[in-house]
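Below, chain A partners chain B and then partners chain C, in two separate complexes.
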Partner chain A sequence: MGAYLFKRLVSLIPILFGISVLVFTILHLVPGDPASIMLGTNATEESIAALRKSMGLDEPLITQYLTWVGGLLQGDFGVSVHSGEEILPQIIKRFGITLQLTVFAVVIGWLVAIPFGIISAIRAHSKTDIAVRVATLLGISVPNFAIGTLLLLVTSLYFNWFPPIDVVSFWENPLEAFKVFVLPAATMGIVVAAGVMRMTRSAFLETMDKDFIRTARAKGNSKWTVVMGHAFRNSSIPIVTIAGMQIGYLLGGSVIVEQLFSIPGLGQYVLEAIYQRDYPVVQGGVLFVALVFVLVNLLIDLIYTWIDPRIKY
Partner chain B sequence: MSTFRKRFWANKTAVICSILLALLCLIAALAPVLAPHDPTEMFQNNRMEGSSDTFLLGTDQFGRDLLSRVIYGARVSLVVGISAVMVSVIFGTIFGLIAGYFGRWIDGFIMRVMDVLFAFPEILLALAIVAALGPGTFNTIMAIGIVNIPIFTRTVRGAVLSIKNLEFVESARAIGASTPRILFKEIFPNVTAPLLVQSSLAISGAILTESALSFLGLGIQPPDPSWGGMISEARRYMELAPGMIIWPCVAMTVTILSCNMFGDAVRDILDPRHRGK
Partner chain C sequence: MTAMLQISDLRTSFLQAKEKLTVIEGVSLTVEPGETVGVVGESGCGKSVTSLSVMQLLGRNVQLEGSIRFQGKELLSLTDKQMEAIRGNQIAMIFQEPMTSLNPLHTIGKQIGEPLRRHLGLNRQQAKERTIQLLKEVGIPRAEEIINDYPHQLSGGMRQRVMIAMAMACTPKLLIADEPTTALDVTIQAQILELMKKVRDEHGTSILLITHDLGVVAEMCHRVIVMYAGQIVEEADVKQLFDEPKHPYTRGLLGSMPSLNTNQERLDAIPGAVPLLQEMPAGCRFAPRCPEAMEICRNKNPELLTISDTQKCRCWLYGEEEAQ
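Showing the complex of A and B:
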């Protein structure tokens, strides 16, 4: 396991290098001079020249890249052109909010998806199964911003209720945080539930056909024991895979939901930076999310060995 | 092929969804004929009206006809969705064929680049590309197209690996066929089935991403109608005119649902192991 972890960490190096090159290149795809674009049409020649110098845009591309990566390795993500603030502390602060939203969404999604996915598989082709499959298809097909907007419409029209604007952490005030996050988390949770439910049903259908399940039934075990004691763990790998992928996507994809519900998370930070053409923040935010995404995928691979000890690396 | 046709016509979902998709394409193509009004024409005296004989689905905050905007929105979504997937299919197929056929360091290099592209959540990478290139239809197509290239590269590479050592490829090599001929005339026709399944599923994803970008104001720019943009504009008026949100949502859901179900059905037809799962 230790050797595998080491090998995986080493294999991450070229990926991380590629990510840094791609993120760096994206800024340099900007047509024209990034400094004058960032400062807008009213900027003076002097201010443009000063920004160009402070960002090192006069230097050759390779020097700019090495300086940027050197800074990243020392925890220096640079400074926001718009606010003048250090980028990394802002990213960490905003990421905390996004993480709370993501965890809440995943909890909602899994609580709905796993039981219904199992029921759907056990009662395959029944009315319940058809209802679950229709719900799953709808969940996959309706965009999350449409779900969120419709949820807002329903709660405001029929319950005259809007989520509070001021964001508080679950650690500070759980009840208030619940009120803040419940609608955005439900919005994301519906999409999570659809994917996990589909995978749970599919994985259970496959497992329930296996010989060891027939043996477990033949021994006279109750349905509950067969499903939870024998089938569940053996069906978990694809479920964990899809769930892990979704956590990664949620961390980056929460940008839309955060914008819709005015949640000041990492997604909104990057989006505001895009609107303000604050490219160092865009670079830092995108890079951070990609790093988290890669680490989540690594974690999922490690969880496989815990779920199924037959997997040896 | 005749077996595929037989199975296709026997699969109700595939038939219904393909009819729906054909209808949607027809509506999009005939938008100037079918739309009762110009989608950008403002009827100042009829702002945020409900359904009427003149405006079947009502009007928006500028008095523009919602039905016409939804119809033209179909055109935008389908054009962007299909074009973006075509970009992904073209590049993904070329990269996948090269990686799978040549193997060794070429395969390693191409697949590592794809791993890097895979390391970004789809919407975030599309956002970053649009942030650099600027909003607009062409840039949206390119951004979504680039984001989806790795999926097609992996699909094609996997298919190539499974067939590149089969006898018909060996025979082509033995008679001295050129590498491009082997790749495009011998191997490519055999990877079209997984490409077709992946494409139909990717179109729905591309439409979703386009609508999300437009919702954020970074995709299709106003006054051109796009479903995502319409929902974004409608948020401020949702209590006064819920139809402004509901109709684009319905149109988008029907389109994406049809694409997803069509993709699933075609996969079932081509690979019976998936049936009912």
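Showing the complex of A and C:
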């Protein structure tokens, strides 16, 4: 296990290196640079050139890349060319918000998806199953922004309720934070639920057909024990897999939902930086998201060994 | 004396979207206390479905008609909860594939302990002690360590011993064994049969043994029921069946068994295959494959005729008076 973990962590190096090259190259291929965007359309050639020089943007690309990576290796993400703020503390702060939103969304999603997915599987082809599957299809096919807007409209028009503007964390004020996050989390939760529900249904359908389920019933277990005690854990690997991937994506910041609900999360941070061609912020942000994604996947792989004793690394 | 198990005129049907497929047609059989009854036949003749009907483990789209009495109590009129209290407790079952029939994610100890805790109300510690004792009874060495192992860490024979320990946990009155040795190596098969005999003799358990292996029947059973295409075609004491098989199908089965005593060049296989449910012959279901088929066989299905006190057979060869 220790050796496996070491190997996986070492394999992070080429992954992160590749991503850093990719994001750096793509970003510098995009027309427009921070200097010209900061100075606006009326700026003179000379002032732009001067600003570029002071930002180090006149250096050859390879030098710029090496400077950036050199900083990263020392734990220095650099400063935003736009605001002059240190990037890493900002990323961590924004990530904290996105993390809370993600956890909330995932809790909502799973609470709906897993019970309904199970019912849908053990009552396959019944009316309940059909209703659940239609709902799943809707959840998958209706886009995020439509669901979010709809939720906002319904709560504001019919219940005269608006989420608070100021974002507070669950640590400071749980009730207020609940109000802030409930709508965006529900929006994301619906999408999470749809994916997890599908997977739960198909995984349970497969497991319930297995011989050991028949054995469990032959032992006189109640339906509840058969489903929760025997089928659940045996169905959980694909569910955990899809859930892990969803968490990975959501932790990267759900750009649309954060934008829609004005949540200053990681997605919004990077999106604004892209508009401003704030190179170090975009690069640092993307690299951080990639790191989180890979780590979440590693965690999922470790959870497998806990679920299934046959999986050994 | 009430029979341990008395199945009368059982009809098991699978309800499809448009049609009803009757897999078991009018099966009646009795297992007396302490008796081992074998059910033999080719694959697809309804042996397993019969045994799963008794346990009511066939799922939701199945219709059971007729009567299944266990110690005089009608099982088909029980509620799900009442049936759960009998399964694994008074009637237990052993399956063919010990690998897939054990939950891969639960330890051996947990799986054997489950019926003990559920039916006998033992606590964790008591269940553990009893489990170790059961594992020792079925000949598993290092039982104290094995209880913490998972099925994949055991060999096939060991797993089947675990299945037997699990089935015997609550000392059931009736044990249904569905091809218990089919998936095992020949040397292991003999050990498992010995073990089943030992368990049977120690506890006086009745056994309904489903198998396609006539060697297993000869080894284990007192009485044999031969099934073909969802019906019983012959029933006899085990010696009678081997000495004077009546039904052409039974003779075919015996003829397809290799023997050391006779100098056979090749085995006599029964030509053809079991008919599909949708294409059951109008007359005797075996007629299309029967070497002795007559005119009547193709038109009319014979009844199960009583040949003697201990032998019954479903064949026109023994009902000529009626046939003519």
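One rule holds for everything that comes next: the second predicted complex is superposed on the first by the 292 of 313 C-alpha atoms of A that agree within 3 Å, B and C clash if a C-alpha of one lies under 4 Å from a C-alpha of the other, contacts with A are read in each partner's own complex, and residues count from 1 in each chain.
The working rule: a residue touches a chain if its C-beta (ideal position, glycine included) is under 8 Å from a C-beta of that chain, and two chains touch if they have at least 3 such contacts.
None of the values given here were measured: they were computed from a predicted structure.
On the superposed chain A, the positions of chain B and chain C stay apart, so the two partners fit side by side. Residue contacts after overlaying the shared chain place A:Gln259 against chain B, while chain C stays out of touching range.
Judged by the touch definition given at the top, the superposed model places A:Leu271 against chain B, while chain C stays out of reach. In the superposed model, A:Leu29 lies in contact with chain B only, and not with chain C. Of the two partner chains, chain C is the only one touched by A:Arg233; chain B is not. In the superposed pair of complexes, A:Phe212 makes contact with chain C only, with no contact to chain B. Contact with chain B, but none with chain C, is seen for A:Val289 once the two complexes are overlaid on the shared chain. Rounded to the nearest 10, the angle made at the CA centre of chain A by the CA centres of chain B and chain C in the overlaid structures is 80 degrees. By the document's definition of touching, neither partner reaches A:Ser169: not chain B, not chain C. Ranking chain B and chain C by residues of chain A touched puts B first. Look at A:Ser47: by the touch rule set out above, it reaches neither chain B nor chain C.
Between chain B and chain C, the minimal CA-CA distance in the chain A superposition rounds to 15 Å. In the superposition on chain A, no chain A position is in contact with chain B in one complex as well as with chain C in the other.
On chain A, the positions that touch chain C within their shared complex are 210-212, 214-223, 225, 230, 233-234, 307-310.
Interface residues of chain C facing chain A in the complex, by the touch rule stated above, are 55, 57, 80-81, 84-89, 92-93, 95, 97, 100-106, 114-115, 118-119, 150, 152, 163, 166. Remark: chain B residues 112-113, 115-117, 119-125, 127-134, 204, 208, 211-212, 215-218, 228, 231-232, 234-235, 238-239, 242, 245-246, 248-249, 252-253, 256-257, 260-261, 276-277 touch chain A in the complex.
Considering their complex, residues 14-15, 18-19, 21-23, 26-27, 29-31, 124-125, 137-138, 140-146, 149-150, 152-153, 156-157, 201-202, 205-206, 248-249, 251-253, 255-256, 259-260, 270-271, 274-275, 277, 279, 282, 286, 289-290, 293-294 of chain A touch chain B.
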